[in-house]
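Below, subunit A partners subunit B and then partners subunit C, in two separate complexes.
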Partner chain A sequence: MTQGQQTESTPLVDPACYAAATAAIRAEAVRLLEAGEVTAVVGYRAGRRAGSAMPEVATTAEAAAQLIFTPGCQNNLALFLSKAKREALPKGKVAVVVKGCDLRALAGLIGESQLKRDEVHVIGVACPGVYGAGADLAKPLAAESLARKCRECKVHLPEGTDVVAGTLPPLPDLAPLEAEELARLEAMTPQERWAFWTEQFARCIRCLACRQVCPFCFCTQCLCDRNRPQAVDTSPRPAGNTAWHIVRAMHLAGRCAGCAECERVCPMDIPLNLLNRKMAQELFELYGFETTMQPQEQGALTSYRDGDDQSFIK
Partner chain B sequence: MTATATTTKHDFEPKLVAFVCTWCTYAGADLAGTSRMQYPSNVRVVKFPCTGRIDPVFILRAFQKGADGVLVSGCHPGDCHYMAGNFHARRRFAAFRQLLDFVGVDLKRLQFSWVSAAEGGKWVEVVTELTERVREMGPMREFIDLDASEHWSAELADAELKAAYHSL
Partner chain C sequence: MSRIGVFVCHCGENISRTVDVEKVAEAARGLLGVAHACDYKYMCSDPGQALLKKAVAEHRLDGVVVAACSPRMHEKTFRKATEQAGLNPFLCEMANIREHCSWVHEDRDEATAKAIDIVHMLVERVKRNRKLQPISVPVTKTSLVIGGGIAGIQAALDIADAGHRVVLVEREPSIGGHMAQLSETFPTLDCSQCIMTPKMVDVANHPNITLHTYSEVEEVDGYIGNFQVKIRKKARSVDMARCTGCGVCMAKCPQKKIPNSFDRDLGMRPAIYVPFPQAVPNVPVIDRVNCTWFKSGKCGVCQKVCGPGAVDYAQQDEFVVEQVGAIVVATGFNLYDISEKPKGSPIKGYGEFGHGKIPDVIDGMTFERLASASGPTGGKILRPSDGREPKQVVFVQCVGSRAREKGISYCSKICCMYTAKHTMLYKHKVHDGQAYVFFMDARTPGKGYDEFWRRSIEQEEAVYIRGMVSRLYQKGDKIVVMGSDIAVGIQVEIEADLVVLATAVQPRQGAELLAQKLGISYDQYNFYSEAHAKLRPVECATAGIYLAGACQGPKDIPDTVSQASAAAAKVMTLFAKDQLEREPIVAKVNERFCVGCFACKKVCAYGAIEEKEIRDRQGNLVKVVAYVNPGVCGGCGTCQATCPSKSVELDGYTDEQILAMIETL
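On to the complex of A and B.
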């Protein structure tokens, strides 16, 4: 698992690669705004806490020159490009900074007709990885502080974007912790899994941060908020929580980009991405479907084939 | 609905909910009834325009409201009144089953079937089999227990938390 002297706490990559990506993003953003090609660039700027970053909608060259790319750039900015959320952005073509995983979300939104490809200028970033939730931002990015999703990332280098900022340094092989955890759960008996998830879901406080942060949770009226008829109990109690989590996983199945933002923002540390990954894995096994960096016309659950498996149907 | 064939008394009579489409399975169940075929009266039938309208959340809701088993049934592939409703449903339910299994729900309590308007006999067979299987398994406790359980609350582990709590 470790390459040479690479351990869980040695810095993962040379910080210069983030600096190079930052410079490339700034140059492109300034150029776009000065040429009037876009009305805004959705990117990251430094957050108040050292090492953190926050989303920024830059509309002037001055603001664009402040954009950054660092391991603190965790947010998936594709979130702001769904139809409803785009209304908060300036009118006209916008540019957006995306990591590989965010690009999968953007492609998904295009596939679901939330926006058209030519309405957005895509600035991809060669991304070595970002901090996980609760990481110590004062220390350089290392395997121990890396987000779990990044340990198994297959999309470090975005494809099909208008530009790619930065270059990818060589990356060490890391143990796929999330895949291991998924396999551990799959090996359990149903009773053990029920006990595991009951405990997890019972902690949920229904803040719905996971829904708020998901690019695909763009419904103007969420089924889980409705009360006539009520499908899912809205109070944060074990029964309603379990229903919420099952419905959320089901509604994201075949759409989820695996950006793991839902899991990162969860204040109760519920491993939501395990559910997402499980569904993605099943849809791949059943229908060979995967979310990709290119928009797809049909999703796994919005299409069918005559010969689909029906061994479970009498 | 017809009465059960035998008068055997069981310790446990499962409650089953059947979500069926109106064009095939409902008509099939109707045929079973008008042909005076006997089958367990444990099943409550809920009719939908199409299996494509049967949202997985209905299945969840049935379990949460005390169903011990759920049956979902509609037209055979190719026979859907709306052309493709059952093809979409087939994928959705295949995915939903995997999700339920991953969360730890015993899939033996959930049955899917294709029953056409002419298959009164198959309807009887499917309902009888599911009823017997679920009767063997006993009541579905998981969701009932969940409903009765209270929200997790953290241990008042440290003195500061304790003081804050008791000052309320």
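On to the complex of A and C.
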């Protein structure tokens, strides 16, 4: 145990790899803006608190030279390219910095006609991982401060991007906490599981941060905001809360890129990504479907094949 | 406030037996927005409809709920009545308290309570119904006929004679189907070829018929009035335009020992062949499996001897796309091959009959070829094993048919009659021969049928034995038939020279695959299902698709021809108008909220969803949204279920309506 704790708190990777990625992003961003290839580069710049980072829409070479990539770069910048939020960007072709998980979201947006691949210059970044919620950003990234999603990440190195910034250092093997938690929930009886989620959803204050931060919540009129007919009770009460999170999980099934931004921004610490992982797992088991870093023509739930499992129809 | 009328039907006793209809009407009267409610014995009858029309005027109704049977039964009837009363017909809805209630429940109180709930739901739905206008779509006045047997030929000729174009698709190299294989036909014993081949020629020469032989339907898209059909023209290896049908290629082909399936493998044919001399079109086809050129790349004799240079080894399958307004399915039947147990089928086979092992145990169609003047024996009844004339022939009926324990419970309908015919043909050709028939009972409902059957016994001296056959086995050059005579109550054994089995009629192999392409339903045996067994026997439930012949169920020639002409009449009715009026129950997109993810487009089975550009006054593109082509939309509602922002809704089934219905419960 003691040994384990020591390993957990030691720096995860050499911080030099983040510096290398930062340099590569800056060089590419400056080049793109100076050459006029893009009108803006969506990336990260340093936040006010040490170790933090925030999204930046760089439209000048000077601003581009300030872009960074650090373990504090948690945001999924694909969000800025969904139609609903595109207004934040100048017109014309833009570049965007994406980690592997963000790239899956970008590919999903392309697959769902929210943007075209040639409208965007994709700067992929080799990402060893980012801080999880509640981590001490002043300290170097360690296994214990690493985001839960990054422990079992399969897309550290983006594929199919216009350029890849940085190289991937060797990464340690870490226990897949998310998968373990899912398995723990799976092992419960339906009553226990229902009790678990009821308790989680009861905390929800319906701030809708999960929706605002999700690249796939791009509807201009959310079903759950409608009042005629009202599908979901809009006040933060248990029944409406449960309905809201179930509707979101169902709408994200086969689409969620696993960036876990919803979970990170949740002020009530509801483990939302678990729901999304569960849906992804079901779709993989039923239809062999996975979200990928390449746009897909058909989603898992918008296609039909003769061999599809139909055992659930009774 | 709505003013809705509720009309509760007794359906004779069908509903009132289990549901207290007066109580339902009483409860309906108490619902918010219901201005009038009453009950009547037969609401669909003339007085019933008059009741409805009178009430609409008297109570100034703005919506109608008829609590009666399924909308599939009488929705049209009551919408018409509503329209005649001066209301928009789509303000009338059916509350199904028969199929969904009285027929499936026994407890009167519970059934009544459920009927009240159903009525309440429909009242809430009708309150939110919009007035809809019918949608007109153009009709392509061309019909596709699938199958070139007698059913397909008759339907094609009738439609073509009415002045409409017909595309006839036949899987085999020649049209004609099973009827071309028959010798003589019951109950008049006229020669099948003599009545069939002129019709085949008519098809070939008809200016309105486009014939695709050796072709199969690959894909079907679209809907009534506007189908797109992709047809695969299999490589014939002979250029249809150049071939003169002289037959030199067939004469010179060195490969002549291929069993001819047209002759039930009794005769032989070359590798380049026409299935039978009267084939239409009279253009040979190369059997690429058996042709030496295709096997080894050597030979090429047919190409060398062909004067017009029609033989083309490099020919590839071609695809033709045809636009049609209606489809007649006439794919016919197969005889049940009892020699082996079909894989993955509940049908068990008849190993004990030795069919396929004992050469002189044959099926009915093989006997037809033996009796046919153009058959492999030139019309002489000779045993396949040694070519001797059989002196004792045993016919066994109901082989497969009406045998629940073997997996088929239906009657194949034609066997009683064709077996009677076989005994006659046999007697006419072998005067000193004796025919025995094992039968369960003789089914002869048809004009002149019973007389025909009696003639086979009384004049042609066939011996009918009521009983089943348990086993057939070879003994020397005889076949021992073990059976029972239940009229006398004894076991019988007959030493026969030839045994003819009346095997069951089954749908074509792969019938279910074609049904899936067409989107039509089929029963447990893969026979295609008609829309209504009594009132719509030639239509499929899928609009614009009609059935003819044995693909729908076992049929003899007169019935097949009648049904084919009926299907043709249905097609002509459809083609009588330039525009087809269809139900306006279609999806509509809320363009304001649509974000253009096109999930709807991906799931739409009808291809009804298009991308529509929204531009501002300066012509700048604002956004791209989904647009539903109302002519193409099938009204299935899949888009509505898929749309994440619920920006597309089906008229009459909006979320608001469905939720209002649920809230009544």
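One rule holds in what follows: the second predicted complex is superposed on the first by the 308 of 314 C-alpha atoms of A that agree within 3 Å, B and C clash if a C-alpha of one lies under 4 Å from a C-alpha of the other, contacts with A are read in each partner's own complex, and residues count from 1 in each chain.
Convention: contacts are C-beta pairs under 8 Å (C-beta built on N, C-alpha and C of every residue); 3 or more make two chains touch, one makes a residue touch a chain.
Since this is a predicted model, take the numbers as computed values, not measurements.
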Subunit C versus subunit B on the shared subunit A, clash or fit after superposition: clash
Touching partner for A:Leu223 - first (subunit B), second (subunit C), both, neither: both
Which of subunit B and subunit C A:Lys278 touches, first, second, both or neither: first
Which superposed partner A:Ala231 touches (first subunit B, second subunit C, both, neither): both
First, second, both or neither for A:Gly47, with subunit B first and subunit C second: neither
Partner chain in contact with A:Tyr287 - subunit B first, subunit C second, else both or neither: first
Partner, of subunit C and subunit B, that touches more residues belonging to subunit A: B
Partner chain in contact with A:Ser113 - subunit B first, subunit C second, else both or neither: second
Which of subunit B and subunit C A:Asp309 touches, first, second, both or neither: first
Subunit B versus subunit C as contact partner of A:Pro169, first or second or both or neither: neither
Candidates 92-100, 128-136, 254-262 or 614-622 of subunit C: the single one with C-alpha clashes against subunit B: 92-100
Residues of subunit A at both interfaces, subunit B in one complex, subunit C in the other: 223, 231, 301-303
Touch list for subunit C against partner subunit A, complex: 592-593, 595-599, 602-603, 623-624, 642, 644-647, 655-656, 659-660
Subunit A partner contacts - residues on subunit B that touch it in the complex: 55-57, 60-61, 64, 77, 84, 87-88, 90-106, 111-114, 126, 142-143, 146-147, 149-152
Subunit A residues touching subunit B - in the complex, by the definition given at the top: 185-186, 190-199, 202-203, 223, 231-232, 236-239, 242-243, 245-247, 249-250, 253-254, 275, 278-279, 282-283, 286-287, 300-304, 306, 308-310, 312-314
Subunit C-touching residues of subunit A, taken from the complex the two chains share: 83-84, 112-114, 218-223, 226, 228-229, 231, 251, 298-299, 301-303
